[in-house]
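In what follows, subunit A forms one complex with subunit B and a second complex with subunit C.
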Partner chain A sequence: MKGIFLSSLLFLLSGICQADALVVVVNKDNPVDALSKTQVIDIFMGRYITFPDGNPVKPFDLGAELDVKRKFYQRLVNKDLAKINSYWARLLFSGRASPPESVDSMKLLLARVSDTKGALAYLPEASVDESVKVVYRLE
Partner chain B sequence: MNPSKSFIGLNSIYQRLHLKMGITVALCALLVSLISSLGSYYSSFSREKNKNLLLVEQLAKTVEQTASISAYLSDSELADEIVDGLTGHDLVKNAKIESNENVVLAFGNSTVDDISVSLDLLHPFAQDHIVGQLLIYPDIAFIHRQAKAEAYRDAQVLVILSLSIFIITMLMVHNMLTKPLRSLTKSFAQVDPEKPATMKMLEHSRTDEIGQLVAGINALMTALQFTLDKEKDLRKRTQALEAKFRLIFEQASAGICLINKYDHLMAYNPAFKQIHNLPDANIIDVTELFKDSAHVASLLSTFRRESLAQQFSIDLQLNGSKDGTKWLHCLFAKIKDQRKLVRDTEDVVIEAIMYDITERVQREQETRIAAECDPLTNLNNRRAGNKRLAELLQRCLLEDKSMVLMMVDLDKFKPINDTYGHDAGDRVLIECGQRIANKFGKDSVCIRWGGDEFVIAYPLKQGALDTVVTIGESLIASLSESIDVGDEMLCQIGASIGVVIAPQHATTLDELLAKADQAMYLVKQQGRGKCSLYSEVDSTADSLN
Partner chain C sequence: MIMYQKHILAIWLFLGLGSTWSWANDIEIRTSGFATLGFIDNSSDSLGFHPNLKVPSQTGFSFKTDTLVGGQVNVAFNSDWEAVGQVVLRDRVDKDALNYVEMAFLRRNLGKNWAIRAGRMNTDLYFLSEYQSVGYAYLWARPPVEFYSGVSSISQVDGADILYKTRLDTGFLQFRMAYGATEVKLQTSGGDPTIEFDDLFTVSTIYHANDWELRASYLRVPTEAFTGSIFDQLDVAIAQVPSVFWPEAEEINNQLDFVGKKADFYGLGYKIENDTWMFQTELAYLKSNWVAQADNYSGYVSVGYQLADWTLYGIAAKIKPTEATFTLPASTPPPGTPETLIAMINAIESASNQELEEARQSQTTYSLGVRWNVNAKLVAKIQWDNTRVDASNYGFWIADTVPDSASRINVISGNISVVF
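Showing the complex of A and B:
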């Protein structure tokens, strides 16, 4: 109930704010309701592999929709994609961390999020549906 | 130029100067280089150290990003990689990356050192978070070694620099200063004022201080030469003058001497010495040389006192000469000593010039004697006798004494001349004269009055009036004794004497003579051969005869 209330609130809010806002979403059954910016960063940049509550997390990148990806990372960590790529390239051979799984399309992404319990992804606000829960909003 | 040769044969003062300078400069150079190299060492050392520490910091910066990521992700492997990379660096002894929770992600294999450069590793994507720390431990030993080596090199360079500057300076100074100074000193040492030939100008072609010094020396030498020449000239002239004066003084036939205020001889010429037969004494009193020393002394002192009198001349008799009395004509003159002020009128020097006039004096005496003397009898002649009589009379009258005057006329003289000749007559007169002279003393005046007349006068002792006639008679007796006239011939004469006594009979000489004559004439008339005292009665009675 509380989740539905929050998501609908967020939905409403998203309606008030700009339309090209990006949101970070999780599986709707995910107990996590909200994440802070830092938490989002930490997960997407490979620092943490669990949600703050300890459940494993699986981040997803939009592979094909580069525009969205670019916007996301720009707003999240203020770095362009080249830097993000080089970041992951550095960690390729040495680090335990691995980049988020890249998904080609929005539809696929949504599907994956619905399928995966610990999924964490970002979408344009407009593309959100009921199968996902918004836990963070980027302007 | 052979350096060793240039140091040999110099006077030691110069050599010391050169060495002193050299040693001083060397010591200074050494001191400066030591101090500066020490200073440079320490500053170099700290500079190098700081540089290296800075490098280490920069090193930290270069791996900051990656280290941040490793701390962010708690990626040990990445951290290891980084740490390995760091420790490979010479400057880094050890490195450590630790995350927030003090989890050491990577650590080198050495022990912990105190000094470390630490860098906070920030959240790569959220710069306000610190995700960990990077610690780099610099290799202090290495840094120190580097720094030392660097400092040492710097110091070496400084020392070499100082030494080379010193050497070059020494060479330059030697060339530009000490060498010309030495050559100057050498050529100057040859200058000898006593040898005019050596006093030629010193060479110089420089216009700096040495040149000025040389020019100054040359000017001095010129002046000195000039002065010396003048002095020599003056000396020559003075010597010539002195020679002339010496000639005059030494060669003068007259004795010249200088007398000081104590009547002592200051100087005298050879002629003076010869004249006086001077004793061997340091101080000779000139008055002692003369017969009447006291008189001479008083003369000189009076002369000195009288400021108006400048000179006087006098004939003086010498003291005790073996070959009879010597007479000198002396001219005494005051001279002012030009060299010093005369403090009082008595402080004058008297110059005396004297020459022998003994002969002249003798001749004068002879002449006088001759003029006064009867050549035959050596008694006074009439003229001189007259004078003497007058003197004696005056003296007797003044002294309230009586004077006896005898007029003696020889008897029977003329026949002798006629009979035996004039020579015999002369002998008779001579004999008579002698007998008269023998009879009467030095107080008397014995005169050959005429051809065969004699006058005798003498002062009469008090109360000896009675003796007068007796003396006359005794004279007659003496004269009557036979006289040897030569050729074994003897003759005899007599005498008639008329005696007057002054002041009884007369007070003037003419009167006395007249009356004596009268008395004598009376005797002749009355038979001759007697001595008769004048009396008024007799004369007036016989005045007509």
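Showing the complex of A and C:
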């Protein structure tokens, strides 16, 4: 009985964790198969504009899904959205870099990643479909 | 002025060699902007306050000092080429249309580590140097005047720069060099001079890792032309005295002349922040071989404490000359010099020495402020600055009659800043 209870609890927890898990994805035809956390940070924080193989990268933000966006940056660089917004204001208005393009829905995001060879985006793992490829999983 | 414009054109042509521009569907145009509505309440009715020498000073209450609006266009032709233009409308000493253009440059990315820009850019000398007009982007209602006022006279350069960036250990390193020229019109108690700086060179390096950032910068800025200052009038007055009656006149003129002189600026900065605390400090040394600009140290320390959407902060800032005021060598009119001429020479000496004293900057400010993140695009701030200005050293203030004793002045600043 106890074993069944524990197994059920673990199954339930894994479901919750998966629902809460965020992944970074690219176009399924992108030759990049994996990125490190450092490489993801360098792209989403505007330091590099190419993938490690030298191909141009186009990052996307989930604009309307603020909870997902908040969790992504908290896990990636441990900063809240207010600090991320200030950071990007500094980069944008100093002319150094532009922030990721903001997309208003998960459905539109998947469409943009499918259409854009150099796309890089984040979304809940549960939203991943066959049109994209996972290259990093945020713990 | 024409020379460096030709250089910019040559650099743009060079950047274009051997590259293929892809037009049509690859072009991305992004527009954005920022604005601040702000007020100051200066406790002094006789000493005009301004955040830097390019902005007209105000006494009493005013909305003019900090209120501004900026617009920017980014045109990405492809992954290698981008053009950026930014205009900032605010109250300025120099109302020439070109001065409202904050940035206008073309960038060529060379792989992931290198980039070259040509056009008008901000000089990368201190933490806020590239976004000082964007109140949303930093903590304070007002950057410390002691550190930012003087050096922000050289906030832009028309020329070119090269950037190198790379991962280094657990952090990220950036190295930038810029070369070019700039022209500024400033407001000082000694007039509103227009200064041309040619052959301007800056180098900066930044390293940031995790939650902290360290930066160092250097600026060399020689003066090409200098007009509109009281020193011009003194120059004219000195020239009216025959040199036989004032043997020291030529030497004095050489020393008071800003043209051909240069300044060197050395800056260091460090900041660190976590979810709750933020600490930032910068220190600078300015060395000038012009007698009217005393060598000085300037710096500040800022600490902030964040609780949810509110951040309380404090700043201590100081600027202090490292040398005594230059005084003109005493005149030695030969026997037989007419009394009227002796009186004239004495008057010019007195006026020059007074001007040299009043051009100095020596003051300390303690500030307290709070920032409220109203929402994702709007912030509100209020800040109280209490400044003690040392006797006669009112170089950052504008006055018809400069006090010869120390003063304590309060300035309250409040503003709301937005990005869009």
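Everything below uses one rule, namely that the second predicted complex is superposed on the first by the 120 of 139 C-alpha atoms of A that agree within 3 Å, B and C clash if a C-alpha of one lies under 4 Å from a C-alpha of the other, contacts with A are read in each partner's own complex, and residues count from 1 in each chain.
Criterion: contacts are C-beta pairs under 8 Å (C-beta built on N, C-alpha and C of every residue); 3 or more make two chains touch, one makes a residue touch a chain.
Since the structure is predicted, the reported quantities are computational estimates derived from the model, not experimental observations.
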| item | value |
| --- | --- |
| Subunit A as common anchor, with subunit B and subunit C clashing or fitting | clash |
| Touching partner for A:38 - first (subunit B), second (subunit C), both, neither | both |
| Partner chain in contact with A:98 - subunit B first, subunit C second, else both or neither | second |
| Touching partner for A:46 - first (subunit B), second (subunit C), both, neither | first |
| Partner chain(s) touched by A:56 [first = subunit B, second = subunit C, both, neither] | second |
| Broader residue contact with subunit A after superposition on the shared chain, subunit B or subunit C | C |
| First, second, both or neither for A:90, with subunit B first and subunit C second | both |
| First, second, both or neither for A:76, with subunit B first and subunit C second | first |
| Stretch of subunit C, among 22-30, 58-66, 94-102 or 274-282, that runs into subunit B once the two complexes are superposed | 274-282 |
| Overlap of the subunit B and subunit C footprints on subunit A, listed as residue numbers | 38, 47, 78, 90, 94-96 |
| Interfacial residue positions of subunit B with respect to subunit A in the complex | 66, 69-70, 72-75, 77-78, 81, 123-126, 129 |
| Of subunit A, residues touching subunit B in the complex | 37-38, 41, 45-47, 76-79, 87, 90-91, 94-97 |
| Complex interface listing, subunit A residues touching subunit C | 38, 42, 47-50, 54, 56, 78, 80-83, 85-86, 89-90, 92-96, 98, 118 |
| Complex interface listing, subunit C residues touching subunit A | 30, 32, 34, 70, 72, 74, 76, 78-79, 84, 86, 103, 105, 107, 109, 111-112, 117, 121-122, 130-131, 133-134, 136-138, 165, 167, 172, 211, 273, 275, 309, 373, 376-377, 419 |
